[in-house]
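Structures are listed in the sections that come next.
Look for chain A in each of the two complexes below; its partner is chain B in the first and chain C in the second.
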Partner chain A sequence: MNEMIQETLVGWSRSQFALTACYHWLFVPLTLGLAVVMAVMESIYVKTQDEFWKKAAQFWQKIFGINFAIGVATGIILEFEFGTNWSNYSWFVGDIFGAPLAIEGILAFFMEATFIAVMFFGWNKVSQRFHLASTWLTGLGATISAWWILVANTWMQHPVGMAFNPDTVRNEMVDFWAVAFQPMAITKFFHTVSSGWMTGAVFVVGVSCWYLLRGRNKRFALASIRVASVVGLVGILTVMFTGDRAGIQIAQNQPMKLAAAEGLEHGGAGAPFSIVPGIEVPKALSILATHDTEGVVPGIQDLLNGYTDNEGNVHLSADEKIRRGRQAVNAFAEYRKTVNKDSVTAIQARQTFEENQAYFGYGHIEKKEDLVPNITIVYWAFRIMIGFGCLLTLLLCLTLWFERRGTLAQKRWMQHWGVWSIPMVFLAGQAGWVVAEVGRQPWAIQDLMPVGVAVSGISASSVQVTFCLFLALFTILLIAEIRIMCKAIKNFRMED
Partner chain B sequence: MKHTHNPFIRIWHFYIEGFRNMTWGRTLWIIILLKLFIMFAILRVFFFQPALAGKSEAEKQHTVATSLSGERVDKPAE
Partner chain C sequence: MTYEFLQQYWWFIVSLLGGILVFLMFVQGANTLIFRLGKDEEERSLIINSTGRKWEFTFTTLVTFGGAFFASFPLFYSTSFGGAYWVWMLILVSFVLQAVAYEFQSKPGNLLGRNAYRRFLVFNGVFGPLLLGTAVGTFFHGAAFTVSKDAMGAFGANPVISQWANAWHGLDAVANPWNVILGIAILFLARVLGALYLLNNIDDAGLRPKLRRQLLIDTLPFLLCFVAFLVHLLIADGFAVSETGEIYVEPYKYLNNLLEMPVVLCLLLLGVVLVLCGTGMTLCRANFHRGIWFSGLGTVLTVLSLLLTVGYNHTAYYPSTADLQSSLTLANSCSSHFTLTAMSWVSLIIPFVLAYIIYAWRMIDKKSLTKQELSQEEHKY
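== the complex of A and B ==
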């Protein structure tokens, strides 16, 4: 019964966090992408002094403003949830998680808030160059914000630069640079931000295609498509490059996530990549994960039962990790009990804890099968992300190609595709986060803390109530955003 | 805008004039303020009290340590 209540609590707490994060991630990538598109357009205006580009930049700034206004502060709710639903986690991570979020709040948010005012209120009041700098700095502020959030997220996927203190029951930062600039964080930052550029670019292409279908604002639409396609292609190339880097890093640090994303039960050397069930590309997964056609990629069963990698390193079975984890948990409990009473026992317990600390989280795992994330969700989310990513790449290449040849305005099928690509790009982004977050289950912090331990000792019903409140609030906000945005798009007129 | 050399007054006027001249932006500001009110004055106050709030440092440590060394500590590995 207790386990059922606990599972319900964890399930609802996770659902609430997922709901909040998914809504938040509808606004953020559009902010990041539109910021680049409008800044490029304003740069062209400052260079050419052509009023057309000023009006174009002002229109996309208006759309950016609507998105920013509706989306701003939706991420703060995630921080509420850390304190209320995930209090064990919040205490356990200590300042490591708090520091990047604090820097994000103070530095990046205020930078963004300052320059956004100059961008909106400063036309004809400040010099053209100062205004242009403010527009770029608005985007840079949003991007720096993303950096610190992604540093915090990466630390949960690959905790580094800290030491656990069993006296305070907190992790303490011992190397800020290792936390802030670990390779996984850098890869994640560029992968995520460039996917935002792609989102903004595809959105601009989609809206512009709608104008072409309606036979309105033709010059504006074609010029917007030209700029957005280039921004989007730069974004997608960066997404591809960093995605390749991420594949190797995940194979090294979160091999279960990779195995689940591939539905790979039994791995080995020369592992194939599954396009869809039943269709495989030989050796492609080994290339993605190791850059070697014969690289060893462990499958789910290999990870559960133990395996030997390319370099001959033996990786422990899940049962052995659980055994060592329970030793660590027992030693931790013993240390806490004896630290003020019996120094000899406490020293021994601490030594045993430190010897097995790397497997601490495994001590809370009931059975080894609990270490496998939901394969169906992760497998298909991965394919949605890559599949839609490929379709969007093709779209951006074709729109740029036809626009340069002067035939895009006649290709209505292309324009329809452009409009429908808007939901596609948002789905691709959401799917990417599903792979990242569902794929790392059951861990709140990889190998150190499973979600069942991270959750607060509160009632599941209180989480259910706030889940419903958020669902209502965010849905209203989303409807408001779509309505205001559609009105702004419909009312916009620009003579050709 | 009134002419003054005081940079703070100039910044103040810059913002005030910007807000006064807003057209579509007013609706957005209403949405922003309403949203922040709901988040901070309702959700934060009534629904999102930190679970460890009101406890001393030692009590917080004890609560989290109890979860970390939970019921499963004495179970042997399979």
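== the complex of A and C ==
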């Protein structure tokens, strides 16, 4: 019974966090991308003194402002949910995880809050150059914010730079630089931020295509497409490059996530890449995961039953890890019980604990099947991300090509494609996070802490109520935002 | 830097952020006056556009306050946020509504209509300070939680370290009237600061007399609640920590803390005097509009000194009414020596951040906001 209650609580807590994160990630990438587009436009204005570019920048700033507010609103919930819904997590790893969040506030949020005010209200109050600097600094603030929150997220995927202290019952930071600048965090930052540039760029292209379809604001639309296509292509090239890096890092650090994303039950050397079920590219997965056609990529069953990797290292079976994990948990409990009473037993218990410490997280896993994330969700999310990503790459290449040749205004099929790419780019971004986060399950922190141990001591019904509250609230606000944006886009007039 | 020094340093930073947050809640206080003082659209728009240029500072300070607490005292973060679930959720919802309300309220197609979003601002204006004040009240009077770090060592059993001892999950804070009185004091303080801010920030002959009247109306309940709370605090029992880390109840603990820490006592007195000066001078002199700076600084100092009183001098800053020994102290709830050191280096950036905030703020606020300026503004709420 207790187990059932716990499962329901964990399920609702995860749902609430996922809901908040999904909504948040609708607004943040647009903020990151629009920030670059509008800053580039304002830079052109300052350089050329052409009022056209000022008006163009101001229009995208207006859209940015509508979107920014709701991004901020969902962001605050996300930060505090680590405490409200993941109380045990907050203590168990708060010594490491809290730091990036605090630095994000000090370094990034104040920069955004300060310079966004200058950007919106300073047109007639500060010099052109100061205003331009403020516009760039607003975007820089958002980007620095992304750095620190992605450092925190990466640490959940690949915890480094810490040591467990059984006396305080938590992981403690021992290497700040390892946490703040681990290679996986750098990859994740560029992958995520450049996907934001892509989102902003596709959004601008889509809206501009809508103007072309309507036959108005033609000069504005073509100029916006020119700027956005370049920003988007830079973004997408970075997404691809870092995606490749991420593939190798995930293969090394989260092999179960990769196996789930491929639906790979049994792996081995020369593993194929599944395009869709039934269609495979031979050896492609090995190339992606190891940059070697004969590289070993373990499948789900290999990971559960144990396997030998490319370097000849033997990886334990899940059952063995769970057994050792239980030993660690029991030794930890014994240590806690005896540390102030019986030093001999305490020393022995600590020694046993330290021998099995690497599997402490597994000690809270009930059965090995629990170590497999939802394969269907992860598999299809991965395909949506890559499939839409390819379509969007083609879109941006073509819009830039036709715009340079001066024929885009006549290509209505291209304009329709541009408009329909807006939902596509958001779906691709959402799918990316689904791969990253659902693929991490059942871990809150990879191999260290399962979600079942990370939750707060609250009732499932409380979380159900707040989940419904946030679902209703965010949905209403999203509808309002879309309506406001549509009206603003529809009402915008700029003579050619 | 010793571990103890770092704990005290970070309690100071968190307390300072708390003080700045309460000062910046002039945004919330002013928003409660939108319908009360804004008799026509122009006046309401002036108030909203005036606070609308500052709301992100309050919001950001709240987020940074949370982040700094998480980084420096994670056991508080996990115990209070996970335990007093409903209080924090209500506070967050009110701030979510506020964040979108500014941008959405005057835009065509906003779904709920202009007044709905303005009511969100009023809702946040009332419940933000009230609930935050009530929550901070539990620093002095305790909350019903237990902490057992051994919980992580039992497979299959409930592994949660911090547990709330009743099903109210934070709403039980209202059972102690002194928590509510502090909440009401903070609410009226926010309104006082709101009126002072608007007097300084808006140059409008119609609004200014109304703001002065409102200032007087709000000063009285603020003073009543604040003085009552302060007197209660000085005669109340407090939660002390022995050398061995044992928590015990000590009569007149907070009074003793102030007497044993004369600098903190001076800060408190100076803070209170500045709040009164800012308010008093504004009420007495018709052309005096700089009261917000006196009362604002006074608010920062007062809140800072109260939080230092509850955290310093071997005091449990988050006492447990369910299990006294579960109470949180600076020593038992803080981050590791390494993390506090690393974060202390990061904190050296704060003066630089403050400098650019002040510079940018001055650039925007060189002149008070007027109806004429608002009518010519390219971007307005």
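Heads up, the rule we're going with is that the second predicted complex is superposed on the first by the 494 of 496 C-alpha atoms of A that agree within 3 Å, B and C clash if a C-alpha of one lies under 4 Å from a C-alpha of the other, contacts with A are read in each partner's own complex, and residues count from 1 in each chain.
As a working rule, contacts are C-beta pairs under 8 Å (C-beta built on N, C-alpha and C of every residue); 3 or more make two chains touch, one makes a residue touch a chain.
Just so it is clear, the structure is predicted and the values come from calculations on it, not from any experiment.
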{"item": "Simultaneous placement of chain C and chain B on chain A, clash or fit", "value": "clash"}
{"item": "Chain B versus chain C as contact partner of A:130, first or second or both or neither", "value": "second"}
{"item": "Partner chain in contact with A:319 - chain B first, chain C second, else both or neither", "value": "first"}
{"item": "Partner chain in contact with A:340 - chain B first, chain C second, else both or neither", "value": "neither"}
{"item": "First (chain B), second (chain C), both or neither touched by A:101", "value": "second"}
{"item": "Chain touching more of chain A, residue-wise (chain B, chain C)", "value": "C"}
{"item": "Chain C region in steric overlap with chain B, selected from 152-160, 188-196, 224-232 or 296-304", "value": "152-160"}
{"item": "Intersection of the chain A residues that touch chain B with those that touch chain C", "value": "62, 65-66, 69-70, 72-73, 76-77, 80, 83-85, 87-88, 90-92, 117, 120-122, 125, 168-169, 326, 329-330, 332-333, 336, 363-364, 366, 453, 456-458, 462, 466, 469, 473, 477, 480, 484, 488"}
{"item": "Residue numbers on chain B that touch chain A, as the complex places them", "value": "1, 14-15, 17-19, 21, 24-25, 27-29, 31-32, 35-36, 38-39, 43-44, 47-53, 60-61, 63-65, 67-70, 72-78"}
{"item": "Complex interface listing, chain A residues touching chain C", "value": "2-3, 6, 58, 61-62, 65-66, 68-70, 72-77, 79-80, 82-92, 94-99, 101-107, 109-118, 120-126, 130, 134, 165, 168-170, 172-174, 176, 326, 329-330, 332-333, 336-337, 363-364, 366, 452-453, 455-459, 462, 466, 469, 473, 476-477, 479-481, 483-484, 486-488, 491"}
{"item": "Interface residues, chain A side, partner chain B - complex", "value": "62, 65-66, 69-70, 72-73, 76-77, 80-81, 83-85, 87-88, 90-92, 117, 120-122, 125, 167-169, 319-320, 322-323, 326, 329-330, 332-333, 336, 363-364, 366-368, 453, 456-458, 462, 465-466, 469, 473, 477, 480, 484, 488"}
{"item": "Partner chain A, residues of chain C touching it in the complex", "value": "53-54, 56-57, 59-60, 62-64, 66-68, 70-72, 74-75, 77-83, 85-86, 88-89, 92-93, 95-97, 99-100, 102-104, 107-112, 149-150, 152-164, 167, 169, 335-336, 338-339, 342-343, 346-347, 349-350, 353, 356-357, 360-361, 363-364, 366, 376-379"}
